[in-house]
(Lines give C-alpha, C1' and ligand atoms only; values in the text may rest on other atoms or scores of the structure.)
Protein backbone atom coordinates (compact mmCIF):
# COMPACT_ATOMS: atom_id res chain seq x y z
CA UNK A 1 0.00 0.00 0.00
CA UNK A 2 1.32 3.41 -0.87
CA UNK A 3 0.71 6.67 0.95
CA UNK A 4 -2.46 7.55 -0.95
CA UNK A 5 -4.06 4.25 -0.17
CA UNK A 6 -3.13 4.47 3.49
CA UNK A 7 -4.61 7.96 3.68
CA UNK A 8 -7.81 6.73 2.03
CA UNK A 9 -7.97 3.83 4.46
CA UNK A 10 -7.58 6.12 7.46
CA UNK A 11 -10.31 8.44 6.21
CA UNK A 12 -12.64 5.55 5.53
CA UNK A 13 -11.98 4.14 8.98
CA UNK A 14 -12.91 7.49 10.49
CA UNK A 15 -16.13 7.53 8.46
CA UNK A 16 -16.98 4.01 9.60
CA UNK A 17 -16.36 4.92 13.24
CA UNK A 18 -18.59 7.99 13.04
CA UNK A 19 -21.34 6.07 11.27
CA UNK A 20 -21.16 3.27 13.81
CA UNK A 21 -21.52 5.72 16.69
CA UNK A 22 -24.63 7.17 15.10
CA UNK A 23 -25.99 3.67 14.46
CA UNK A 24 -25.71 2.68 18.09
CA UNK A 25 -26.68 5.87 19.89
CA UNK A 26 -29.00 7.33 17.26
CA UNK A 27 -31.94 8.63 19.22
CA UNK A 28 -34.56 7.91 16.58
CA UNK A 29 -34.99 5.30 13.88
CA UNK A 30 -34.36 7.62 10.90
CA UNK A 31 -30.95 8.47 12.37
CA UNK A 32 -30.08 4.81 12.39
CA UNK A 33 -31.28 4.25 8.84
CA UNK A 34 -29.30 7.20 7.56
CA UNK A 35 -26.21 5.88 9.30
CA UNK A 36 -26.77 2.42 7.82
CA UNK A 37 -27.05 4.04 4.40
CA UNK A 38 -23.88 6.03 5.05
CA UNK A 39 -22.08 2.86 6.07
CA UNK A 40 -23.18 1.11 2.89
CA UNK A 41 -21.84 4.00 0.78
CA UNK A 42 -18.57 3.85 2.71
CA UNK A 43 -18.49 0.12 2.11
CA UNK A 44 -18.96 0.60 -1.61
CA UNK A 45 -16.03 3.01 -1.71
CA UNK A 46 -13.85 0.76 0.39
CA UNK A 47 -14.63 -2.23 -1.82
CA UNK A 48 -13.46 -0.20 -4.80
CA UNK A 49 -10.40 0.80 -2.80
CA UNK A 50 -9.67 -2.83 -1.97
CA UNK A 51 -9.82 -3.59 -5.68
CA UNK A 52 -7.14 -0.95 -6.16
CA UNK A 53 -5.05 -2.34 -3.31
CA UNK A 54 -5.28 -5.90 -4.60
CA UNK A 55 -4.59 -4.62 -8.11
CA UNK A 56 -7.36 -6.74 -9.59
CA UNK A 57 -10.48 -5.59 -11.45
CA UNK A 58 -12.48 -8.59 -10.23
CA UNK A 59 -13.51 -6.91 -7.02
CA UNK A 60 -15.06 -3.94 -8.78
CA UNK A 61 -18.09 -6.08 -9.63
CA UNK A 62 -18.74 -6.53 -5.94
CA UNK A 63 -18.66 -2.78 -5.41
CA UNK A 64 -21.04 -2.29 -8.31
CA UNK A 65 -23.56 -4.76 -6.92
CA UNK A 66 -23.31 -3.17 -3.52
CA UNK A 67 -23.81 0.33 -4.80
CA UNK A 68 -26.81 -0.63 -6.89
CA UNK A 69 -28.56 -2.77 -4.32
CA UNK A 70 -28.01 -0.70 -1.20
CA UNK A 71 -30.34 1.86 -2.73
CA UNK A 72 -33.14 -0.71 -2.81
CA UNK A 73 -32.63 -1.65 0.81
CA UNK A 74 -32.57 1.96 1.95
CA UNK A 75 -35.70 2.74 -0.04
CA UNK A 76 -37.51 -0.18 1.57
CA UNK A 77 -36.55 1.03 5.04
CA UNK A 78 -37.56 4.58 4.18
CA UNK A 79 -40.90 3.48 2.78
CA UNK A 80 -41.66 1.59 5.94
CA UNK A 81 -40.88 4.54 8.15
CA UNK A 82 -43.00 6.75 5.93
CA UNK A 83 -45.92 4.34 5.99
CA UNK A 84 -45.63 4.15 9.74
CA UNK A 85 -45.91 7.87 10.15
CA UNK A 86 -48.90 8.48 7.92
CA UNK B 1 3.93 -7.88 22.23
CA UNK B 2 3.56 -9.79 19.04
CA UNK B 3 0.37 -9.44 17.10
CA UNK B 4 -1.67 -12.54 16.32
CA UNK B 5 -1.52 -13.56 12.67
CA UNK B 6 -4.25 -12.49 10.31
CA UNK B 7 -5.87 -15.90 10.20
CA UNK B 8 -6.33 -15.94 13.95
CA UNK B 9 -7.99 -12.52 13.86
CA UNK B 10 -10.42 -13.63 11.18
CA UNK B 11 -11.07 -16.90 12.92
CA UNK B 12 -11.78 -15.12 16.17
CA UNK B 13 -14.21 -12.84 14.37
CA UNK B 14 -16.03 -15.80 12.83
CA UNK B 15 -16.21 -17.66 16.13
CA UNK B 16 -17.47 -14.62 17.98
CA UNK B 17 -20.19 -14.10 15.37
CA UNK B 18 -21.19 -17.72 15.83
CA UNK B 19 -21.23 -17.36 19.61
CA UNK B 20 -23.16 -14.10 19.54
CA UNK B 21 -25.70 -15.63 17.21
CA UNK B 22 -26.12 -18.74 19.32
CA UNK B 23 -26.43 -16.72 22.51
CA UNK B 24 -29.08 -14.63 20.82
CA UNK B 25 -30.89 -17.76 19.70
CA UNK B 26 -31.05 -19.02 23.26
CA UNK B 27 -31.71 -15.75 25.03
CA UNK B 28 -33.88 -13.67 22.74
CA UNK B 29 -37.38 -12.95 23.89
CA UNK B 30 -38.86 -11.67 20.67
CA UNK B 31 -39.31 -14.05 17.75
CA UNK B 32 -38.08 -11.60 15.11
CA UNK B 33 -34.92 -11.01 17.10
CA UNK B 34 -34.51 -14.78 17.15
CA UNK B 35 -34.59 -14.77 13.36
CA UNK B 36 -32.01 -11.98 13.33
CA UNK B 37 -29.78 -13.93 15.69
CA UNK B 38 -30.11 -16.94 13.42
CA UNK B 39 -28.84 -14.80 10.56
CA UNK B 40 -25.86 -13.65 12.61
CA UNK B 41 -24.94 -17.21 13.56
CA UNK B 42 -25.28 -18.27 9.94
CA UNK B 43 -22.95 -15.46 8.87
CA UNK B 44 -20.36 -16.68 11.36
CA UNK B 45 -20.63 -20.23 10.07
CA UNK B 46 -20.23 -19.08 6.50
CA UNK B 47 -17.15 -17.05 7.35
CA UNK B 48 -15.70 -20.03 9.18
CA UNK B 49 -16.18 -22.21 6.10
CA UNK B 50 -14.60 -19.70 3.76
CA UNK B 51 -11.65 -19.26 6.11
CA UNK B 52 -10.71 -22.92 5.77
CA UNK B 53 -9.67 -22.24 2.19
CA UNK B 54 -7.85 -18.99 2.83
CA UNK B 55 -4.12 -18.53 2.87
CA UNK B 56 -2.12 -15.36 2.81
CA UNK B 57 -0.61 -14.24 -0.45
CA UNK B 58 -3.02 -16.28 -2.56
CA UNK B 59 -5.24 -14.78 -5.22
CA UNK B 60 -8.93 -15.31 -5.96
CA UNK B 61 -9.73 -18.54 -7.83
CA UNK B 62 -10.56 -16.74 -11.05
CA UNK B 63 -8.27 -16.90 -14.03
CA UNK B 64 -7.47 -13.58 -15.65
CA UNK B 65 -5.54 -14.12 -18.81
CA UNK B 66 -3.72 -17.37 -19.33
CA UNK B 67 -1.56 -18.36 -16.38
CA UNK B 68 -2.45 -17.90 -12.73
CA UNK B 69 -0.03 -15.60 -10.98
CA UNK B 70 0.87 -17.31 -7.75
CA UNK B 71 -1.14 -19.66 -5.57
CA UNK B 72 -4.94 -19.54 -5.40
CA UNK B 73 -7.34 -20.00 -2.53
CA UNK B 74 -9.46 -23.12 -2.37
CA UNK B 75 -12.61 -22.70 -4.50
CA UNK B 76 -14.62 -25.55 -2.98
CA UNK B 77 -15.56 -23.92 0.36
CA UNK B 78 -16.47 -20.80 -1.55
CA UNK B 79 -18.85 -22.74 -3.76
CA UNK B 80 -20.41 -24.36 -0.70
CA UNK B 81 -20.90 -21.01 1.03
CA UNK B 82 -22.32 -19.49 -2.14
CA UNK B 83 -25.25 -21.86 -2.01
CA UNK B 84 -25.49 -21.65 1.78
CA UNK B 85 -26.06 -17.90 1.69
CA UNK B 86 -28.88 -18.14 -0.83
CA UNK B 87 -30.51 -20.93 1.14
CA UNK B 88 -30.14 -18.79 4.24
CA UNK B 89 -32.34 -16.13 2.68
CA UNK B 90 -34.99 -18.71 1.90
CA UNK B 91 -34.85 -19.98 5.46
CA UNK B 92 -35.09 -16.46 6.81
CA UNK B 93 -38.12 -15.65 4.69
CA UNK B 94 -39.83 -18.88 5.69
CA UNK B 95 -39.07 -18.25 9.35
CA UNK B 96 -40.53 -14.76 9.13
CA UNK B 97 -43.63 -16.12 7.45
CA UNK B 98 -43.98 -18.59 10.30
CA UNK B 99 -43.58 -15.74 12.79
CA UNK B 100 -46.39 -13.88 11.05
CA UNK B 101 -48.49 -17.02 11.20
CA UNK B 102 -47.77 -17.46 14.91
CA UNK B 103 -48.80 -13.91 15.47
CA UNK B 104 -52.03 -14.54 13.61
CA UNK B 105 -52.76 -17.71 15.56
CA UNK B 106 -51.66 -16.68 19.06
CA UNK B 107 -51.65 -12.91 18.94
CA UNK B 108 -48.19 -12.63 20.41
CA UNK B 109 -44.61 -13.01 19.32
CA UNK B 110 -42.99 -13.02 22.72
CA UNK B 111 -41.42 -16.23 23.87
CA UNK B 112 -42.67 -16.25 27.45
CA UNK B 113 -46.26 -15.43 26.57
CA UNK B 114 -46.12 -17.94 23.75
CA UNK B 115 -44.77 -20.61 26.07
CA UNK B 116 -47.57 -19.98 28.55
CA UNK B 117 -50.13 -20.23 25.78
CA UNK B 118 -48.62 -23.46 24.51
CA UNK B 119 -48.65 -24.96 28.00
CA UNK B 120 -52.29 -23.96 28.35
CA UNK B 121 -53.10 -25.57 25.03
CA UNK B 122 -51.30 -28.74 26.01
CA UNK B 123 -53.16 -28.85 29.30
CA UNK B 124 -56.44 -28.38 27.55
CA UNK B 125 -55.63 -31.12 25.07
CA UNK B 126 -54.59 -33.43 27.90
CA UNK B 127 -57.76 -32.68 29.83
CA UNK B 128 -55.95 -31.21 32.81
CA UNK B 129 -57.63 -28.43 34.73
CA UNK B 130 -56.25 -25.08 33.59
CA UNK B 131 -55.80 -23.68 37.07
CA UNK B 132 -52.50 -25.43 37.60
CA UNK B 133 -50.68 -23.63 34.91
CA UNK B 134 -52.04 -20.30 36.00
CA UNK B 135 -51.19 -20.68 39.63
CA UNK B 136 -47.72 -22.03 39.12
CA UNK B 137 -46.59 -21.02 35.66
CA UNK B 138 -42.98 -21.97 36.21
CA UNK B 139 -43.64 -25.59 37.09
CA UNK B 140 -43.03 -28.13 34.39
CA UNK B 141 -46.13 -30.14 33.69
CA UNK B 142 -46.03 -33.70 32.49
CA UNK B 143 -46.64 -33.65 28.79
CA UNK C 1 -3.88 -4.44 5.47
CA UNK C 2 -3.65 -6.05 8.88
CA UNK C 3 -5.21 -3.15 10.74
CA UNK C 4 -7.95 -2.75 8.18
CA UNK C 5 -8.87 -6.37 8.73
CA UNK C 6 -8.87 -5.91 12.49
CA UNK C 7 -11.10 -2.86 12.18
CA UNK C 8 -13.57 -4.54 9.85
CA UNK C 9 -13.82 -7.59 12.10
CA UNK C 10 -14.32 -5.30 15.08
CA UNK C 11 -17.11 -3.43 13.30
CA UNK C 12 -18.72 -6.75 12.40
CA UNK C 13 -18.65 -8.09 15.94
CA UNK C 14 -19.81 -4.80 17.46
CA UNK C 15 -22.80 -4.57 15.16
CA UNK C 16 -23.60 -8.22 15.82
CA UNK C 17 -23.72 -7.33 19.50
CA UNK C 18 -25.89 -4.35 18.61
CA UNK C 19 -28.32 -6.69 16.83
CA UNK C 20 -28.95 -8.43 20.12
CA UNK C 21 -28.79 -5.47 22.45
CA UNK C 22 -30.56 -2.62 20.68
CA UNK C 23 -34.02 -2.33 22.20
CA UNK C 24 -35.68 -1.28 18.98
CA UNK C 25 -36.27 -3.98 16.41
CA UNK C 26 -35.98 -1.74 13.38
CA UNK C 27 -32.62 -0.54 14.67
CA UNK C 28 -31.64 -4.18 15.09
CA UNK C 29 -32.51 -4.78 11.44
CA UNK C 30 -30.31 -1.83 10.43
CA UNK C 31 -27.50 -3.25 12.57
CA UNK C 32 -27.87 -6.66 10.96
CA UNK C 33 -27.49 -5.07 7.56
CA UNK C 34 -24.29 -3.48 8.85
CA UNK C 35 -23.12 -6.94 9.94
CA UNK C 36 -23.57 -8.34 6.47
CA UNK C 37 -21.88 -5.31 4.93
CA UNK C 38 -18.78 -5.75 7.07
CA UNK C 39 -18.93 -9.47 6.34
CA UNK C 40 -18.88 -8.75 2.64
CA UNK C 41 -15.71 -6.67 3.06
CA UNK C 42 -14.18 -9.54 5.04
CA UNK C 43 -15.01 -11.92 2.20
CA UNK C 44 -13.21 -9.63 -0.20
CA UNK C 45 -10.21 -9.58 2.13
CA UNK C 46 -10.08 -13.38 2.19
CA UNK C 47 -10.15 -13.34 -1.63
CA UNK C 48 -13.63 -14.73 -2.14
CA UNK C 49 -15.24 -12.25 -4.57
CA UNK C 50 -18.08 -14.60 -5.50
CA UNK C 51 -19.14 -15.06 -1.92
CA UNK C 52 -18.68 -11.37 -1.23
CA UNK C 53 -20.97 -10.53 -4.10
CA UNK C 54 -23.64 -12.94 -2.91
CA UNK C 55 -23.41 -11.56 0.59
CA UNK C 56 -23.61 -8.02 -0.75
CA UNK C 57 -26.67 -8.75 -2.85
CA UNK C 58 -28.38 -10.62 -0.06
CA UNK C 59 -27.40 -8.38 2.80
CA UNK C 60 -27.80 -5.04 1.10
CA UNK C 61 -30.97 -5.66 -0.81
CA UNK C 62 -32.81 -8.78 -0.01
CA UNK C 63 -32.56 -9.60 3.66
CA UNK C 64 -33.29 -6.08 4.80
CA UNK C 65 -36.29 -5.79 2.53
CA UNK C 66 -37.76 -9.08 3.69
CA UNK C 67 -37.20 -8.30 7.37
CA UNK C 68 -38.63 -4.84 7.06
CA UNK C 69 -41.70 -6.02 5.17
CA UNK C 70 -42.33 -8.67 7.80
CA UNK C 71 -41.84 -6.19 10.63
CA UNK C 72 -44.20 -3.77 8.99
CA UNK C 73 -46.76 -6.48 8.68
CA UNK C 74 -46.32 -7.42 12.30
CA UNK C 75 -47.03 -3.83 13.17
CA UNK C 76 -44.90 -4.10 16.28
CA UNK C 77 -43.38 -0.72 15.92
CA UNK C 78 -42.28 0.40 19.24
CA UNK C 79 -40.68 -2.48 21.09
CA UNK C 80 -38.48 -0.30 23.13
CA UNK C 81 -37.41 3.27 23.27
CA UNK C 82 -39.81 5.19 21.07
CA UNK C 83 -42.67 2.92 21.89
CA UNK C 84 -46.07 3.70 20.55
CA UNK C 85 -48.73 1.16 21.43
CA UNK C 86 -50.53 -0.26 18.45
CA UNK C 87 -54.22 -1.07 18.59
CA UNK C 88 -54.38 -4.77 19.28
CA UNK C 89 -56.63 -6.63 16.91
CA UNK C 90 -56.51 -9.91 18.69
CA UNK C 91 -58.70 -10.83 21.55
CA UNK C 92 -57.44 -12.10 24.79
CA UNK C 93 -53.77 -11.28 24.57
CA UNK C 94 -52.96 -7.98 26.18
CA UNK C 95 -49.39 -9.09 26.75
CA UNK C 96 -48.08 -7.80 23.50
CA UNK C 97 -45.83 -4.89 22.55
CA UNK D 1 -30.99 -17.77 35.81
CA UNK D 2 -31.86 -18.85 32.34
CA UNK D 3 -29.76 -16.09 30.87
CA UNK D 4 -26.88 -17.14 33.07
CA UNK D 5 -26.96 -20.73 31.84
CA UNK D 6 -27.29 -19.52 28.27
CA UNK D 7 -24.24 -17.32 28.61
CA UNK D 8 -22.39 -20.19 30.23
CA UNK D 9 -23.27 -22.40 27.29
CA UNK D 10 -22.20 -19.78 24.76
CA UNK D 11 -18.96 -19.09 26.58
CA UNK D 12 -18.13 -22.76 26.82
CA UNK D 13 -18.78 -23.25 23.15
CA UNK D 14 -16.59 -20.27 22.34
CA UNK D 15 -13.77 -21.60 24.46
CA UNK D 16 -14.10 -24.97 22.77
CA UNK D 17 -13.93 -23.42 19.30
CA UNK D 18 -10.96 -21.24 20.24
CA UNK D 19 -9.08 -24.24 21.58
CA UNK D 20 -9.90 -26.02 18.37
CA UNK D 21 -8.34 -23.12 16.47
CA UNK D 22 -4.94 -23.92 17.90
CA UNK D 23 -4.78 -27.16 15.94
CA UNK D 24 -6.38 -26.00 12.74
CA UNK D 25 -4.07 -25.94 9.73
CA UNK D 26 -4.85 -22.31 9.02
CA UNK D 27 -3.21 -21.04 5.89
CA UNK D 28 -2.26 -24.50 4.69
CA UNK D 29 -2.48 -25.39 0.99
CA UNK D 30 -5.96 -26.41 -0.17
CA UNK D 31 -7.34 -29.87 0.33
CA UNK D 32 -6.70 -32.48 -2.33
CA UNK D 33 -10.01 -31.88 -4.05
CA UNK D 34 -9.31 -28.18 -4.11
CA UNK D 35 -5.87 -28.74 -5.54
CA UNK D 36 -7.38 -30.92 -8.24
CA UNK D 37 -9.94 -28.28 -9.14
CA UNK D 38 -7.30 -25.58 -9.20
CA UNK D 39 -5.02 -27.64 -11.42
CA UNK D 40 -7.51 -29.02 -13.91
CA UNK D 41 -10.82 -27.20 -13.45
CA UNK D 42 -10.26 -24.56 -16.08
CA UNK D 43 -9.12 -27.05 -18.72
CA UNK D 44 -11.87 -29.53 -17.90
CA UNK D 45 -14.80 -27.12 -17.90
CA UNK D 46 -13.61 -24.10 -19.84
CA UNK D 47 -14.78 -21.69 -17.15
CA UNK D 48 -12.34 -19.02 -16.03
CA UNK D 49 -14.18 -18.67 -12.74
CA UNK D 50 -13.30 -21.81 -10.83
CA UNK D 51 -16.08 -21.26 -8.29
CA UNK D 52 -18.56 -21.43 -11.15
CA UNK D 53 -16.84 -24.58 -12.34
CA UNK D 54 -17.35 -26.16 -8.93
CA UNK D 55 -20.93 -24.93 -8.54
CA UNK D 56 -22.21 -25.98 -11.95
CA UNK D 57 -19.90 -28.66 -13.29
CA UNK D 58 -18.52 -30.58 -10.32
CA UNK D 59 -21.49 -30.07 -8.01
CA UNK D 60 -24.27 -29.44 -10.51
CA UNK D 61 -26.67 -31.82 -8.86
CA UNK D 62 -26.13 -30.04 -5.56
CA UNK D 63 -27.13 -26.81 -7.23
CA UNK D 64 -30.28 -28.50 -8.46
CA UNK D 65 -31.01 -29.57 -4.90
CA UNK D 66 -30.38 -26.04 -3.70
CA UNK D 67 -32.80 -24.67 -6.27
CA UNK D 68 -35.43 -27.08 -5.05
CA UNK D 69 -34.81 -25.98 -1.45
CA UNK D 70 -35.28 -22.37 -2.49
CA UNK D 71 -38.44 -23.33 -4.36
CA UNK D 72 -39.72 -25.11 -1.28
CA UNK D 73 -39.00 -22.05 0.85
CA UNK D 74 -40.79 -19.71 -1.55
CA UNK D 75 -43.73 -22.08 -1.85
CA UNK D 76 -43.78 -22.43 1.94
CA UNK D 77 -43.97 -18.67 2.39
CA UNK D 78 -46.87 -18.49 -0.03
CA UNK D 79 -48.57 -21.39 1.69
CA UNK D 80 -48.11 -20.10 5.22
CA UNK D 81 -49.17 -16.56 4.45
CA UNK D 82 -52.08 -17.59 2.30
CA UNK D 83 -53.13 -15.83 -0.85
CA UNK D 84 -53.20 -12.10 -1.00
CA UNK D 85 -56.49 -11.08 0.50
CA UNK D 86 -56.67 -7.47 -0.49
CA UNK D 87 -59.97 -6.22 0.79
CA UNK D 88 -61.60 -3.76 -1.59
CA UNK D 89 -62.09 -1.26 1.19
CA UNK D 90 -58.58 -1.73 2.51
CA UNK D 91 -56.68 1.49 2.64
CA UNK D 92 -53.74 1.01 0.33
CA UNK D 93 -50.39 2.63 0.92
CA UNK D 94 -49.91 6.02 -0.63
CA UNK D 95 -47.71 6.26 -3.67
CA UNK D 96 -44.11 7.13 -3.18
CA UNK D 97 -42.85 10.64 -3.52
CA UNK D 98 -41.33 12.14 -6.64
CA UNK D 99 -37.81 11.10 -5.74
CA UNK D 100 -38.75 7.47 -5.25
CA UNK D 101 -40.86 7.26 -8.40
CA UNK D 102 -38.25 8.93 -10.58
CA UNK D 103 -35.43 6.84 -9.10
CA UNK D 104 -37.42 3.65 -9.58
CA UNK D 105 -38.07 4.48 -13.23
CA UNK D 106 -34.45 5.42 -13.84
CA UNK D 107 -32.93 2.52 -11.94
CA UNK D 108 -35.13 -0.21 -13.39
CA UNK D 109 -33.29 -0.58 -16.73
CA UNK D 110 -29.96 -0.12 -15.01
CA UNK D 111 -30.72 -2.89 -12.54
CA UNK D 112 -31.92 -5.19 -15.31
CA UNK D 113 -28.75 -4.59 -17.30
CA UNK D 114 -26.53 -5.13 -14.27
CA UNK D 115 -28.38 -8.31 -13.39
CA UNK D 116 -28.10 -9.70 -16.90
CA UNK D 117 -24.42 -8.79 -17.01
CA UNK D 118 -23.80 -10.58 -13.75
CA UNK D 119 -25.68 -13.66 -14.93
CA UNK D 120 -24.10 -13.79 -18.37
CA UNK D 121 -20.54 -13.29 -17.16
CA UNK D 122 -20.88 -15.80 -14.36
CA UNK D 123 -18.23 -18.07 -15.88
CA UNK D 124 -15.72 -15.26 -16.41
CA UNK D 125 -15.94 -12.84 -13.50
CA UNK D 126 -17.35 -13.15 -10.00
CA UNK D 127 -21.08 -13.45 -10.07
CA UNK D 128 -23.52 -15.80 -11.63
CA UNK D 129 -27.06 -16.94 -11.46
CA UNK D 130 -27.66 -16.45 -7.77
CA UNK D 131 -26.32 -12.91 -7.50
CA UNK D 132 -27.74 -11.83 -10.83
CA UNK D 133 -31.07 -13.37 -9.95
CA UNK D 134 -31.19 -11.35 -6.75
CA UNK D 135 -30.43 -8.18 -8.69
CA UNK D 136 -33.17 -8.98 -11.22
CA UNK D 137 -35.63 -9.60 -8.41
CA UNK D 138 -34.70 -6.26 -6.86
CA UNK D 139 -35.19 -4.61 -10.24
CA UNK D 140 -38.72 -5.90 -10.50
CA UNK D 141 -39.50 -5.21 -6.88
CA UNK D 142 -38.31 -1.59 -6.80
CA UNK D 143 -41.26 -0.20 -8.84
CA UNK D 144 -43.61 -2.00 -6.46
CA UNK D 145 -42.16 -0.03 -3.57
CA UNK D 146 -43.04 3.18 -5.35
CA UNK D 147 -46.47 2.10 -6.57
CA UNK D 148 -47.92 -0.31 -4.02
CA UNK D 149 -51.18 -0.67 -5.94
CA UNK D 150 -49.48 -2.51 -8.75
CA UNK D 151 -48.66 -6.13 -8.25
CA UNK D 152 -46.53 -8.72 -9.95
CA UNK D 153 -48.46 -11.33 -11.87
CA UNK D 154 -47.91 -14.51 -9.96
CA UNK D 155 -48.95 -16.69 -12.90
CA UNK D 156 -46.17 -15.22 -15.05
CA UNK D 157 -43.69 -15.65 -12.21
CA UNK D 158 -44.74 -19.27 -11.85
CA UNK D 159 -44.30 -19.89 -15.58
CA UNK D 160 -40.83 -18.34 -15.63
CA UNK D 161 -39.83 -20.35 -12.62
CA UNK D 162 -41.12 -23.63 -13.97
CA UNK D 163 -39.61 -23.05 -17.38
CA UNK D 164 -36.19 -22.22 -15.94
CA UNK D 165 -36.25 -25.30 -13.74
CA UNK D 166 -37.29 -27.44 -16.69
CA UNK D 167 -34.44 -26.01 -18.77
CA UNK D 168 -31.95 -26.83 -16.01
CA UNK D 169 -33.17 -30.41 -15.69
CA UNK D 170 -33.47 -30.71 -19.47
CA UNK D 171 -29.83 -29.76 -20.00
CA UNK D 172 -28.91 -32.29 -17.36
CA UNK D 173 -30.93 -35.02 -19.09
CA UNK D 174 -29.43 -34.08 -22.44
CA UNK D 175 -26.00 -34.54 -20.92
CA UNK D 176 -27.16 -37.86 -19.49
CA UNK D 177 -28.20 -39.00 -22.95
CA UNK D 178 -25.10 -37.70 -24.71
CA UNK D 179 -22.34 -38.35 -22.21
CA UNK D 180 -23.79 -40.81 -19.78
CA UNK D 181 -23.57 -38.44 -16.79
CA UNK D 182 -26.24 -36.15 -15.42
CA UNK D 183 -25.24 -32.50 -15.94
CA UNK D 184 -21.93 -33.38 -17.57
CA UNK D 185 -20.41 -30.45 -19.47
CA UNK D 186 -21.47 -30.41 -23.09
CA UNK D 187 -20.69 -28.39 -26.20
CA UNK D 188 -17.35 -26.88 -27.10
CA UNK D 189 -15.18 -25.40 -24.39
CA UNK D 190 -14.21 -22.41 -26.51
CA UNK D 191 -11.30 -20.19 -25.62
CA UNK D 192 -10.79 -19.50 -21.95
CA UNK D 193 -12.12 -16.08 -21.04
CA UNK D 194 -14.39 -15.56 -24.06
CA UNK D 195 -18.09 -14.86 -23.54
CA UNK D 196 -19.17 -17.87 -25.59
CA UNK D 197 -17.13 -20.49 -23.83
CA UNK D 198 -17.47 -23.15 -21.15
CA UNK D 199 -20.09 -25.14 -23.04
CA UNK D 200 -23.42 -25.41 -21.26
CA UNK D 201 -22.39 -23.64 -18.06
CA UNK D 202 -23.66 -20.19 -19.11
CA UNK D 203 -26.97 -21.73 -20.18
CA UNK D 204 -27.30 -23.41 -16.81
CA UNK D 205 -26.48 -20.16 -15.06
CA UNK D 206 -29.10 -18.28 -17.08
CA UNK D 207 -31.68 -20.85 -15.99
CA UNK D 208 -30.52 -20.51 -12.37
CA UNK D 209 -30.68 -16.73 -12.58
CA UNK D 210 -34.22 -16.67 -13.98
CA UNK D 211 -35.42 -19.20 -11.43
CA UNK D 212 -33.84 -17.48 -8.44
CA UNK D 213 -35.00 -14.08 -9.62
CA UNK D 214 -38.58 -15.24 -10.17
CA UNK D 215 -38.71 -17.01 -6.82
CA UNK D 216 -37.35 -14.11 -4.83
CA UNK D 217 -39.47 -11.53 -6.63
CA UNK D 218 -42.55 -13.64 -5.97
CA UNK D 219 -41.55 -14.02 -2.34
CA UNK D 220 -41.11 -10.31 -1.74
CA UNK D 221 -44.26 -9.55 -3.65
CA UNK D 222 -46.21 -12.02 -1.51
CA UNK D 223 -44.89 -10.42 1.65
CA UNK D 224 -45.84 -6.96 0.46
CA UNK D 225 -49.27 -7.78 -0.93
CA UNK D 226 -50.54 -9.64 2.08
CA UNK D 227 -49.16 -6.89 4.23
CA UNK D 228 -51.40 -4.40 2.48
CA UNK D 229 -54.43 -6.47 3.38
CA UNK D 230 -53.71 -6.36 7.07
CA UNK D 231 -53.08 -9.35 9.21
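By letter and in written order, the chains are A, B, C and D; residue numbering begins at 1 in each of them.
Heads up, the rule we're going with is that a residue touches a chain if its C-beta (ideal position, glycine included) is under 8 Å from a C-beta of that chain, and two chains touch if they have at least 3 such contacts.
Every value quoted in this text rests on a predicted model; they were computed, and no experiment measured them.
Set against the Cα centre of chain B, the chain with the most distant centre is A.
Comparing chain pairs A-B and A-D, the larger number of C-beta contacts belongs to A-D. The centroid of the Cα atoms in chain A and the matching centroid in chain D are 23 Å apart.
Centre-to-centre separation of chain C and chain D, using mean CA positions: 21 Å.
A separation of 13 Å divides the Cα centre of chain B from that of chain C. Shared interface positions of chain C, defined as residues touching 2 or more other chains, are 1, 29, 45, 47, 49-50, 52-54, 57-58, 61-62, 65-66, 69-74. Residue positions of chain D touching 2 or more other chains: 49, 51, 118, 125-128, 130-131, 134-135, 138, 141, 216, 219, 223, 231. Touching two or more other chains at once are residues 58-59, 61-62, 65, 69, 72, 76, 83 of chain A. On the chain D side of its complex with chain A, the touching residues are 93-94, 96, 100, 103, 107, 110-111, 114, 118, 125-127, 131, 134-135, 138, 141-142, 145. Chain C meets chain B in the complex at residues 1-2, 5-6, 9, 12-13, 16-17, 19-20, 25, 28-29, 32, 35-36, 39, 42-43, 45-51, 54-55, 58, 62-63, 66-67, 70-71, 73-74, 76, 79, 88, 90-93, 95-96. If you check the complex, the residues on chain B that touch chain C are 3, 6, 9-10, 12-13, 16-17, 20-21, 23-24, 27-28, 30, 32-33, 35-37, 39-40, 43, 46-47, 50-51, 53-54, 58-60, 62, 73, 78-79, 81-82, 85-86, 88-89, 92-93, 96-97, 99-100, 103, 106-110, 113. Partner chain A is touched in their complex by these residues of chain B: 59-60, 62, 64. Contact residues on chain A toward chain D in their complex (touch as defined above): 58-59, 61-62, 64-65, 68-69, 71-72, 75-76, 78-79, 83, 86.
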